[in-house]
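Structure in structure tokens, see below.
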Amino acid sequence: MIRVQREDFDPGAELAALTAGRRGIGGAVSFVGLVRDMAEGAPITAMTLEHYPKMTEAKLAEIEQEAQRRWPIEASLIVHRYGRLEPGERIVLVITASAHRQAAFESCAFLVDWLKTKAPFWKLEETPGGTNWVDARAADDEASQRWQSSHSDSAE
Amino acid sequence: MIRVQREDFDPGAELAALTAGRRGIGGAVSFVGLVRDMAEGAPITAMTLEHYPKMTEAKLAEIEQEAQRRWPIEASLIVHRYGRLEPGERIVLVITASAHRQAAFESCAFLVDWLKTKAPFWKLEETPGGTNWVDARAADDEASQRWQSSHSDSAE
Amino acid sequence: MRVLYFAWLRTRTGCAEEDVTPPQGVLTVASLVEWLKQRSAGHAKAFAELRVVRAAVNHEYVDLDHPVRPGDEIAFFPPMTGG
Amino acid sequence: MRVLYFAWLRTRTGCAEEDVTPPQGVLTVASLVEWLKQRSAGHAKAFAELRVVRAAVNHEYVDLDHPVRPGDEIAFFPPMTGG
């Protein structure tokens, strides 16, 4: 399941709803991304997430389908916020649940890595010295690329 | 933080409490282990977790300290239940939070892997055909051993 | 064609969306970019460093040699930084 | 010494905890096991397959050659299956 929203989300309620009644689930892994008050040593006062509404949900659904193709996932959820957020606020929630923990851990890490480089979101940081658009990190490209394989072209 | 308890826990409330006010956290990874209704193709009606009370908290604390030594963790929590649980019920919660998501993912997976082989818990399954003690899985030993290094002796 | 700009491409062009009718010779994303650069100093600045510009045509990521046609929705943006 | 049994070692011995006073020659976990096996058929069965028996002395995991002393708490259990 995919949701793109301005509002906050409740990670515990989402997890409970996703796993309810699915008794083949042995492990559920959740990732919550939060706005930090520092980036590369400089203070951050707020972060605004811009996105491409007509494209965002479709791209997130493609990424989720790719994870379901690669791992035996019983249930999954991506919730991504947009708009202006302050330090400590939640940005993104990714949950994957599977019979076995390894599939849940790997697929959740995969989704987060691919989100960062393949979903049409851009971050504007506010700092005491002004605003600046966050540069894509080379480390995120590398994290995303470690999941590449000959089978992954469909989600490109 | 470590807790060993008979009662259920609320993963969302635990996550919120653990990350509250810690604005250096960029990502929090949670693992929830659940009782499945099947094990190796056979139906499970309940699962009883036995543990060694005088040893459990100390061993979990050692494992948590080892994770904190290996990764830059801002906050972590292990909650492990004991007693009789039915399919769909939560068994264990592991949360790790860090400035960066990779440390959070790796340290959470590490804690879950080590829990399985180093914390003094034993599972008794109830099936329609009777009860049986769950065998340690060779796969869990392998998962635990992938984290071995020359530095890890202290937590053995 | 409808052209959309995101993040610093939007702030540099001063424009989130615009309808454009490029001349017939504009057949690819790359030639559209060259034509858009002439619209304003802001457009020229937005496309000054193509290495950090990504494009989508009709909601699919594409390379600069991808064809563009009347009626297409073309978006320009920097590398994504979601999650 | 206090001896504790967990999981199927508890069900086979029929005992969760017992205080024992082994003879002076019992100086290691291994020799304690040999001595405990003589207490009952259940004890003998519990320790029949030592490959799948683990031990702790005073709350630390140990090998079978670890020393035991009067006053120690010695626990026997199968490989752990938590998480």
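So that you can tell them apart, the chains are marked A, B, C and D in the order they are listed, and the count of residues begins at 1 in each.
The rule is short, and it goes like this: a contact is a pair of C-beta atoms (placed from the backbone, for glycine too) under 8 Å apart; a residue touches a chain by one contact, two chains touch by 3 or more.
The model shown is predicted, which means the values in this text are computed figures rather than measured ones.
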item: Length of the shortest touching-chain route, chain B through to chain D; value: 1
item: Furthest chain, CA centroid comparison against chain B; value: C
item: Rounded Å distance, chain A centre to chain C centre (Cα mean); value: 26
item: CA centroid of chain C to CA centroid of chain D, Å; value: 74
item: Inter-centroid spacing, chain C versus chain B (mean Cα positions, whole Å); value: 49
item: Chain centre separation (chain A, chain B; CA means) in Å; value: 23
item: Where chain B touches two or more other chains, by residue; value: 33, 101, 112
item: Chain D, residues touching no fewer than two other chains; value: 83
item: Pairs of chains, among all present, that meet the touch criterion; value: A-B, A-C, B-D
item: Chain B - residues contacting chain D, complex; value: 33, 49-52, 54-55, 58, 80, 91-92, 112, 115-124, 133-137, 140, 156
item: Chain D residues touching chain B - in the complex, by the definition given at the top; value: 4, 6-8, 10-11, 56, 59, 61, 73, 75, 77-83
item: Chain B to chain A touching residues, read off their complex; value: 10-13, 15-16, 19-38, 87-88, 99, 101-102, 104-105, 108-109, 112, 143
